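Here the chain labels run A, B, C, D and E in written order, and each chain numbers its own residues starting at 1.
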């Protein structure tokens, strides 16, 4: 039989596609791959699921979509029917929690990530500083300034600036958590007029202005990765999965100089790291749910980890989903960033992301359907501010207005 | 009566025109060159021009990762299919408008053209629901029909302008000679308007080929054309310029080659028949 | 066979009556020419006969059978258009064969007829060319060939020669005349060139604003124009029309004298004037003479060369037998 | 002032010599007509004079000053094009004003000249129309107006009337002639219509393949054509050219007899033949007579009406004084 | 050419085209109209068939609406200016005698074949990118600070990309028009003493006016629905959100079908206003 899988075109997924013939041979089924860029993928699967189009048997979704779609009963429960060796209890609790709706697991995590600081040990040393295990934002900002040498094309800090709820807003929302800010208060009132948000954004803008790369407002994950690999960044705060790319000597010119640290904080008790998992889910409209489950069991199960390790080496196995991986000595040896990743993931709490009380779940997002639309627009304001087209105050004011408008329209 | 022109002047114009032409063409040329570089050379500073180790690795990577032949086939079927279907519907309409104009002919034509201004997203949901209801989601036929409808106004308009240049007397002669309406169109009008029809076909194939909204949203696998193919290379982790270039070249090459081979017709087509 | 009868045929475009009810009989084998100023309805009348336009009223009969509601192809008429209207994508042979093919004629019969027409029209060497590769005169011949092969009851020509240059026009004019003699088929020919009308027609129909002004043989029209309109229209150069005292002297409101009926005399003469432009053609000389009796210059034709030039005084005498008299309504006084 | 001298002027397009070195003097105030068959280089010669093409050799002088390297605008000539070449988006007034505006002339002087030209050309009522709203004749007049206002040293006309219909052509022909008389400015006029050439020219230049075949007044050319080419080209209908025995009888390789110099006699006569087509124009009758001495029909012009028709036998006698004799090279035997 | 018979046939012959376009207009449009009065948000599993004009009110009163209309107009106007200005210059250039005219023409047409997505990707990554884009190399080569096109001049950048794609079209139409100018007219102007620049202003440009209207008409039709270029480059950020894109965000990003449909209807109405306006001008210009 044939199943259709929609997935995102990042490295791990493309690798899965490349290895999938193993599953096809094993089961005699075939797979139609629809590999798309993230935005296009979201366009496609969202349209499909909300109209019950039934085009896909497996969809790649994130921790943002899972709870919302799950709540609409659009996704098939993975509580049962999975392969025997697919051990749900092995999943990291933070990740599993994010994919569970009312006790039902609605998606299987393919890889999980949090965010952390990646830095250049050589530059840090040259600046006469030492990176603590758990730095503060203040330290990061000072270190960035010290490392910056624009003549040599070295920028102290690289961070996301490109507009989008999954781009700069992921970074800024996570960052704001550590500054004590929140999106909404308990009455679902937007909080961009709060001093915490002002502090967060001002800090971010000033730091980027002092030590960030030119054109930061267009940099997303990919752009920053390239910059870092080319040796143009002193520090980079981004997804933990980047660790394996920046330490891969084939692509990275600075592979042997990379150090890792937890995402920064301000001493308020929350760190600025997020939690995300690309996961595989089965839409309820699929008529090949059994086979789809079989595939998901294979792709997200321990067997796949071994398969990747055999073919591509341990450093390339999808990280951040299973405790067993972090108990594996071989993996720990091959991945110097493993412990840092695990610690980061474990330190994120989707149910209590901020220092203050919030009515929502989600670390770098708010798990309500309106969020993507709102956050993308807010992200555009912030990106504009980073590009120097408006001030922090203006950006926040605009964000406050539009969020309030949208939330009202949504009936909150 | 063209005036004789001195050679030095001609050389000057030649140099200038070639300069400008190459400048306009440059992005495509650069993409082409980049597609044969390694990822490292692709972003090297300063940029390298021709003197690098040419590699076809990017192409094989791209081919290995996605079903290019299927996408190509779909693109061809959809572009050609929608255009031909459009022509079949448009020829009679254009005949009527050009040779039996009534008071409202101009208005009908303008109305047709205005349907092109319908913003696609506005009708996305309805269309997806209809596709689902008719069970034609992800089918070539669906795309053929949708793209035909999108381009029909342009086809009608172009044919109309071409037909209007054909003297009505010839059709009357055919009628006197005993040709029925169908024969008049098949034996006289169509062959006479052939260059115009060819231009129309070419131009609409291009428009259909490049349509990137419906072709992405109404397809998954079976009917997915090159626009969807390119969407899987647009922003992978890391900046894979070389691979992106290779995929881009693969997506646009067929249509560019077609365009170049049919230059003359196409140039005519590109003027939308609007200017003689 | 090709007797065409128009019975109170009328044509309106919207509210505009282009052809008021009109009766006309065209006998079998006649060569009838429609002449008249531009816009007078010549083409419209022809197209009504052809069936390319619907009549607004009245009846058309061809060989006695009512044809008013027949589609063009069923009327058994063939038309030759001003623009030739050849099919540019077909060879000459195919062009000529087209009506036969449409009629579903057998191939050998087609070939026979084409060969015959091609021979008659001197087209045999060009049968495989495209119309675009032919000269204007040859194209016109192909158009005629296409009409001939159908062996129609009548031929309709709409200014077939007006796109040709002067020399060719003379040649083709003669060819069409000869063709008419050979085929003896009815021909209806529209032109606004009155030399064509005079030389080709058995019968001329002079139209003005859709009205038939006069029907008759060329010489009838030349000699006895029924009114000033026909008088002015037929004959080249135009007849000189005089009103006022000069006309009153002949008991008419208007008198007409053709340029060729004015003699140059040494002195005296009926009219005396100053020569304006003198056109010396060698064979003839035309004087445009400013005479007090006429507002425009009076045109005079003198044979051979006459030694008068611009500014000279000239004396003219009309030939009495050739003075045409018209009443206040412009109608001929017998 | 407008004396134009061409001194061994030559023109090649690539390797093709369209005009071999050619000398020609056009006197101030003369009306010179270039005639010749299509493609003989008439337009090219005119454009060389205008400066729209560069000469390949030789020199052009206007009023004694060398003009060979002057740009068109500096030569002080005005040109009227076959297609009128009016500026379609400008009103008649603006069209006429254009050259003045380009010369930076003061507004009141412009207005004065435009008014004058418009009056002369009867365009006053149309000054605010666009060319598209005018008839062919009016357009031609605007084109002439645009030329006049510049008060050029000479006017150049390239087949200015060939887009007009026959009647209008006659009228415009006379208008241009009168204009020439009024302005007394040099005019060079290209045409292939020999009636135009005969009636308008002070001097005709007959060209063949870039060569000047003969230069002279119209009647000179009519009476004493220098060779068979000119003989055949000038005169309408064309001169009948006979070779063989008929010519030998007159001691020539070819003899030419114009249609108007053949008299119809009752019996006997030099030539006897069968009437082919007889064209009765009322004023004249033209017979195309098949005689054994000539391959094509011999054209005969008889005055008024002659009672002969198709198929009749006719006897013809040429007027001895008007027989043209040519030698084997086609040159006139004096 | 107008017998009763042919008029009847004509009506039958236009029928299929009119019919399919009517269906195409009406069916989805009616559904959109229906949705636009509904509170339809599939992600919340909300469907409330009638909420009156709420969607219209919130769409029309939001700040983003007016700004998106402004952006749309700026974008279309900018692209039109560049393509027409550049097109005229290029057309005149291509009309000059030269060697290899055919090849130059091929080079100039090529951008028209490129898929909008591809050209946006290529420009964005390989030209506009601050770090690795060719423009940055160029800037650095001349000792300037690399300029970040997509955030500093985002609207302009998109205009450049789209104008690049549409320049061939404008050029070709205008070239055909230039070539249709009778050389006698130019020569007449030359005889009349007009120098080249005057010839351009007084003769060539007026002659091109009809072609320019055609370019404006057709390009506006296509430009009003620009989508891929924005989607790929800025995602609507930095003031590049056009009306089409705003509707897209409402429908697909926010998954508020009701609101988006209202936006779609508004866009249809505005597009038709523009259309009628254009048709008036063009219709007049095309007639003569």
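Everything that follows uses one rule, which is that a contact is a pair of C-beta atoms (placed from the backbone, for glycine too) under 8 Å apart; a residue touches a chain by one contact, two chains touch by 3 or more.
Everything quoted here is computed from the prediction, not taken from an experiment.
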Checklist line | Chain hops separating subunit C from subunit A, counting only touching neighbours | finding: 2
Item checked: Chain whose mean Cα position lies farthest from subunit D -> A
Checklist line | Leading chain pair when contacts are tallied as C-beta pairs | finding: B-E
Margin query: Roughly how far is subunit D from subunit E, centre to centre by C-alpha average, rounded to an integer in Å?
Written below: 55
Note to self: Centroid of subunit A to centroid of subunit E, CA atoms only: how many Å?
What the structure shows: 37
Notebook entry, point to check: Roughly how far is subunit C from subunit D, going centre to centre by Cα mean, in whole Å?
Noted result: 27
Next item on the list: Would you please write down the residue numbers of subunit B that are in contact with two or more other chains?
Entry: 1, 3, 43, 124-125, 129, 172, 231, 234, 239
Item checked: Where subunit E touches two or more other chains, by residue -> 1-2, 129, 132, 184, 252
Next item on the list: Mind pulling the residue numbers of subunit D that touch at least two other chains?
Entry: 52
Check: If you look only at subunit B, which of its residues touch subunit E in the complex?
Finding: 1-3, 5, 9-11, 13-14, 16-18, 20-22, 24-25, 27-28, 30-31, 34, 43, 45-47, 89-90, 92-93, 95-97, 99-100, 102, 106, 108, 110, 112-127, 129-130, 149, 152-153, 156, 168, 171-172, 181, 206, 209-210, 212-213, 226-227, 230-231, 234, 239, 241, 244-245, 248, 251-252, 255-256, 259-260, 263, 266-267, 270-272, 274-276
Item checked: Contacting residues of subunit B [partner subunit A, same complex] -> 43, 64-67, 124-125, 128-129, 132, 137-138, 216-217, 220-222, 224, 228, 231-239
Notebook entry, point to check: Once bound in the complex, which stretches of subunit E touch subunit D?
Noted result: 182, 184-185, 187-195, 198, 202-203, 206-207, 209, 288
Next item on the list: Would you tell me which residues of subunit B are touching subunit C in their complex?
Entry: 167, 169-170, 172-179, 183, 187-188, 191-192, 194
Item checked: Residues on subunit A engaged by subunit B in the complex (per definition of touch) -> 4, 6, 9-11, 14, 17-18, 32-38, 40, 43-44, 47-48, 51-56, 220-223, 225-226, 229-230, 245, 251
